[in-house]
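Next come the structures, one after another.
Next come two complexes built around chain A: one with chain B, the other with chain C.
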Partner chain A sequence: MDPSFLLVQSLSGLASASSLFVIASGLTLVFGVTRIVNFAHGSFYMLGAYVAVTVVPWLLEIDRSPWLFFAGVLISAAVVGLLGVAMELLLLRRIYKVPELFQLLATFGVVLMVQDAVLKIWGPVDIPGPRAPGLRHGVEIFGQRFPAYELFLIVVGPAVLGLLWLLMHRTRFGVLIRAATRDREMVGALGVNQALLFTGTLFLGAFLAGLGGALQIPRVSASAQMDLSIITEVFVVTVIGGMGSVTGAFLAAVLIGQLQAFGVLVFPKITLVLVFLLMAVVLVIKPWGLLGRPEPAAGRAALPEGILSPRGFGGAERALLGVAVASLLALPLFGDAYAVKVATEVLVFALAAFSLNFLVGNGGIVSFGHAAYFGLGAYAAGLLVTKGGLPMEPALLAAPLAGGLFAALFGFFVVRLSGIYLAMLTLAFAQIAYAVCFQWVEFTGGDNGVVGVWPSAWASSRHVYFYLVAACALGAILALRHVIYAPFGATLRAARDSEPRADAIGIDVRTHRWLAFTLAGVAAGLAGGLYAFSKGSIDPTMLGIPMSVDFLAMILLGGIQTVMGAVVGAAAFHAIKDVFMPLTDYWRFLLGASIIALVLIFPRGLGGAWGALRART
Partner chain B sequence: MTMAFETLTRRGALAVGGGLAAAALVGLRSPRAQGAPIRIGELNSYSRMAAFSVPYRNAMQLAADTINRAGGVMGGRPLEFIFRDDGATPGDAVRVAEDLLTRENVAFIAGTFLSNVGLAVADLANQRRRLFFATEPLSDAITMAQGNRYTWRLRPNTYMQTRMLTEAARGRTQRRWAIVAPNYEYGQSAAANFKRLIGASIPGAEIVAEQYPALGRVDAGATVGALAQARPDAIFNVLFGPDLTAFVREGNTRGLFERRFVLSLLTGEPEYMIPLGDECPEGWIVTGYPWEQVEWPTHRAYVEAYRARFNDTPRKGSLLGYVTVQVLANLLNRANSLDNEALVEALRDLRTETVTGPVTMRGIDQQGTMGTWVGETVLRGRQGGMRNIRYVDGATVMFPEDEVRAARRSA
Partner chain C sequence: MAEAVLDVAGLKAGYGPAEVLFGVTLALRRGEVAALMGRNGAGKSTTLKAIMGLLPPRGGKVRFAGTDITGLPPFRIARLGLGYVPEERRIFTDLTVFENLEVGRRPPRAGRDAWTPERLFAVFPNLAEMRGRRAAAMSGGEQQMLTIARTLMGNPDAVLLDEPSEGLAPVIVEQMAEAVLRMKAEGISVLLSEQNLDFAAAVADRAYVIERGEIRYEGTMEALEADEHVREAYLTV
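This part shows the complex of A and B:
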């Protein structure tokens, strides 16, 4: 190939890498200091672009000078930084004391609210930003024309890296950021004002996200889908680089930028999955990313997050459970067809959420990709019925098998890691599975999926199918609950609370976790199979990131510290969505607001609130 | 098909709200349309794809009110649409469709935007034996391989629109073609149709490069570089929305489109033309909707009514919404029954005079013959537009009948 083309293509890769790094550096700083998995980082990026397409043209009216353009970009970034501060002060500060995962749920609520707020304020039409004055043209590089603005972007990345280095090494604020990244408790013990440090970090993180967004306006138009399109990619960059490592994020961004630029030449459809493949490979080889370090607190006996001492059902719980199950089973008698339909879905999601909380609450294994096993179960059942010509019954048996099989396969690698890296590896595998279902059109039907996945004749009425789902879901939930109380469940909790100690008393931690991961995959696969037959079709959204996030939201709403919380959370989440969706186009705003309200009112989830109520009486 | 995007200013939102209220009042008070309203369930991606779906809903309201004022349908009953968000996923959409069918007691359902949502709802309709009038999803599969008795589609599908473009390229000499399409069903099937059809217009045409960036995440620099490297004479573009804007900007700066012939799907639709602004490239052959140049009297009347009521210009979605209601009203009058089997039979080869000319719901593949406009892009001031436009009747570019029979054998 022509060397000048290779050079220009590699410059294109560097320009993308630079943009990606600016955004990712903010995320990695925020995570390093606060340990918050900040889903709202993508929303800050989007807001940066929207503020910039509003502010910059207004400034350019005064004078078309490059300086005013860049002043506008910096103003936009600062505005977004202040929004980050607002999020910290109004929301995150109130929930620092609760399990770290809970903040993830709160930021997810923010994502939903910002999406609709942007639609409301700026309207649904994409807004193209102005080009940068003085940088509109192309520059000839060995006979190939290359945009001047992208040459400028290539410089921005290293410049931001340099400025961040100066900040981290030459200022007290930076030193504190580094210290908190290494050991947050120690910084607190030394009397540093953590509140101020956190607020400052959130400002810096949101500022960088906003800067990344504002710098994009000469290249892409501001659109309401920007947040979700960037957030996973940015997470991947920070994880590959090592969470908390700015230099690592830079290396990872350059790596991804180059792989994308040259990958599309060989495999034009690779962009869907490339970054996740890279992340899976890096994490399997280097469990803490390129430049990350093992969690300093990993060896310490930290206060565990999750189910502490599972109590058996007391009298009140027994009564509640009896009423809940009885009214559920009687629902077809007094509810209309639609109520039966919704109850069927709630049962399916309850099983999926319960299996996830079996991992998260009981095992301390946080999975960001649980929908993979749900979706693969659905695909196994759906493909057997439509392509294999089998009836529903054997297909429903195959669903948990497929879920378990893939959970065993992926879990083999996943359980070698811990914490956020483990979570991100589950996400990577889920995205790879998603990409296969999406891309293998001949077999899986691609993104259109496969239709015609309907129950056998005897179960085709909504009522009969409801009872079938109820029997399967309740049976599986009770079986999993039994496992939590069995020695196997206690062993998982021991491994969660202190891996070295569990290891010291002779527990094979890795094997137990692997078995737990597989078992959760079996349950999720069954839920997926039941879901496919209730919808009549399968498609890749069943194993997409939004589905995984929904499951996480369900267990967090329910409370990861209680055994049955996941069931309550699934019912609450689905009910809220079902109530708001028909009411208004802005139902995502209301869903997000409800999530945030519940997080603030019940910081330990609905199940946790019930536990506290019980403890008081 | 698409991820579309568009205009809901605050004023627009008020107009929508006011429109809904007004529609309810008109439906009740109308002097001529009396009797129990005929309820039709309409589900669409009102939240995710507001750019398309809000103008679409506006126009449906406008059309329904116009019909109700003139006496309604089926001998004086008013039309009433129950609009619902389909959540933009098949899972949500199927639940919403069940809600409409069971709780809202609608006569039948219509709408949907994304192809996977449309297919899932179509299969539900087949299972429940209820009519589903698919309006926007473009996937060929809805009326071909996955077609079923209860599902009818109005809008020209991917094949039809691609064929309009390849026929517009007849007589050109460019042989080396590059394809750029979003990596999902719409893009893939447009590319596949293009490869099939271009040889008929330009003998000896070959594909020298293909790029399939992920939807909504085009890496424009790398994509433009890869296309330019293959030195094509011409480009077939399927990108739209934010991907299109990024691609066009990058391509303009790097000179990708200089001395190259470009065919581009949907680019002339206001939904995608407006966000391009002054970056709109010149001389591309596109499908689109140059509403301001369409001189048919009924179309002009509809445009004037739309602009007066919503204080906004019509989009492609508006046209589709308006034509949908015209076809459905004609259907109800013709069938004079809400029995879904009777409705399906009445739809077969039903011909309706609409604001976009006569539209027939072809019986063999249950696809409407609604057409669209083909023309050349041109920059007028700071906004793109189309010139040398011509309306291509959908009837002239439908799938050949033997292909339909082969594909729908299972249906």
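This part shows the complex of A and C:
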């Protein structure tokens, strides 16, 4: 291959690495000090771009000078920094001590709220930004033209790294940040007001994300999808680099930039997959990332209160359950088609949520990518029917197989980690699956998915299909519930509560967890297959992050510490979403706010409320 | 009797469901060194953590220099002039010796010479030679010196010192004792937890003995040394 072409390719890889690093450095700093993985970091990036496409053209009206362009970029970053301060004061401050799962969910609530706010303020149409005055031309490099702005970006990364180094080593604020990254409690015992330190760190982190976004405007238009597309890449960079390590983030960004620049030549379709594969490999070899250091505090998962010892149903509950199941099954007799559709979906989500709580509540395995197995089940079933020409029955059989197979594959790596790293890896695997379904257009239909996933003739009426779903979902839930009560379930709980102790009494914790992960994947895959036939189509949203978050919100709403809470939570969540979504244009905002409210005031969910009520009577 | 700079009354604390302190009462007089003695797991560290606010007190009262500090966040307590040196040292291993001191720096207090790195290097000469070195590269004894120096940078009126002699070579223990006496000479009151009777005898004026979360004995250091019963019952293993 032409060496000058390779050079240019490598340079463009460096340019994207620079941008990635600027954003990731903010995330890793904030994580280091607060121990919160901030999903909203991607929102800050997006806001940086939106503020910049508003402010910069306005400044350029005054004078088309490069200085004003960069002043505008810095102003935008500072505005976003202040939004970071607001987020710290209003939300993060209240959740420093809650389990990681709740923190992730709460910051994802912010993501949802910001998405609607952005749509409200800037509208749904992408907004192109102005080019940077003085950097609009191309530069000749060994006969290849290369944009001057990209060259400038290449310099920005190391410059930010250098400035951050100075800040961290030459100022008291920076020294305190580094100290707090190791041991924030001790920093407090020495008289440092952590609250101020955290607020300052959030300013810095959000500023860097905003800077990254504002610097993008000459290259890409500001759009409402920027947040989630960047956040997974940034997660990957920080995890590979070692969470909390700025230099590690730099190395990882350079590595990923090059991997993408050259990967696109070899495997144009699966660059995202390459990136996530790199992450999986790094995490397996170095579980703390390239420059991260093992820390008891960060490695020990702060788990939400899980299922303690599952109790059987009392008489009242048995009766209640009987009534609930009977009225559900009787629904098609008096409900309209819409009610039957909703009930079908509730059953599907109940199974998916139950399988997730089997992992989270019973096993202490906080998966942030459970939608992957749900979606892969749906895709397996959908593709077999449409592309493979198979009837529904074998396709429905293939769905749990596909879910279980991929859960076994991914789970093999996942169960080697714990805490936040485990959550990040499940998320990364889910994003691989998402990326494949999204990018492999010929096979999966890409963004649009595939339509025509219909049940066999005998099950084609809504009512019959409802009963089919009810039989499968209730059967699978009962089977999983059985596992929770069986010795296998008790072993998982023992390993969750004290891994060393479980190890000491000779339990093979890893294998147990791996089996549990696979089993949950089987159940989620079945749910996905059932869902595909009820919708008649498949598309990538079925394995996206928002779907995983929906499942988590369901189990949170139902109560993670109860066995059957997930089912109640799925029903309540889906019903609420179905009722409110059509009523308002701001359902995402509402959903985000509700998730935050759940975390802050109702962390034990409906199941917890029921338990409290039961205990009182 | 000299006025008490630190006054602990009926302090209760624990971890999760486990109750550890069942009402600890003790006082630290201005300018003295008092030793809190007891076996492994008796509740010495828990007492100091609860005083410092690192563990929320579940009952009782803590007064420091006339202010009620029960339940205050640790940084407020530290700012009032109560220093804390943890048992596990907890130095910032990524930071240099100098930076560790910087983290502890607080404004000087009226009527007292402020501690500076230079003054501390005079007290702890070993540290002076390695001021630019990463703390991770220090020996255990040097790290122990550094935690004390770091706390002194906050110009405290009183210091809680958790088992300063633990796991150290005899030479270093001697230096530790000198450091404690030097603090006393500077007018800093010291409450130290200790299992090592010899060390306590070398530095402390008075002693408390704690067992299963309650104070079982209180007296001068000489009296404790002379009292074979108490030593047998609560100190020897």
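In this text, the second predicted complex is superposed on the first by the 498 of 617 C-alpha atoms of A that agree within 3 Å, B and C clash if a C-alpha of one lies under 4 Å from a C-alpha of the other, contacts with A are read in each partner's own complex, and residues count from 1 in each chain.
As a working rule, a contact is a pair of C-beta atoms (placed from the backbone, for glycine too) under 8 Å apart; a residue touches a chain by one contact, two chains touch by 3 or more.
Since the structure is predicted, the reported quantities are computational estimates derived from the model, not experimental observations.
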Partner, of chain C and chain B, that touches more residues belonging to chain A: B
Which superposed partner A:Asp126 touches (first chain B, second chain C, both, neither): first
Touched partner set for A:Ala337, first chain B, second chain C, both or neither: first
Chain B versus chain C as contact partner of A:Gln194, first or second or both or neither: second
Which superposed partner A:Arg604 touches (first chain B, second chain C, both, neither): neither
Chain A-touching residues of chain B, taken from the complex the two chains share: 3, 5-10, 12-13, 46-47, 49-51, 54, 84-85, 87, 89-92, 94-96, 98-99, 102-103, 115-116, 119-120, 122-124, 127, 139, 141, 146, 183-185, 188, 210-214, 216-217, 219-226, 228-229, 241-242, 245-246, 249-250, 253-255, 274-277, 279
Residue ranges of chain A touching chain B (in the complex, touch as defined): 1-2, 5, 8-9, 12-13, 15-16, 116, 119-120, 123-128, 131, 136-138, 144-147, 149-150, 218-221, 223-226, 229, 233, 260-261, 264-265, 268-269, 271-272, 336-338, 341-342, 345, 438-439, 441, 446-449, 451-452, 454, 531, 535-537, 539, 541-542, 546, 578, 581-582, 585-588
Touching residues (chain side chain A, partner chain C) in the complex: 169, 172, 175-176, 178-179, 181-183, 185-194
Residue ranges of chain C touching chain A (in the complex, touch as defined): 52, 54, 73-75, 78-79, 84, 86, 90, 92-95, 99-100, 102-104, 106, 150-151, 154
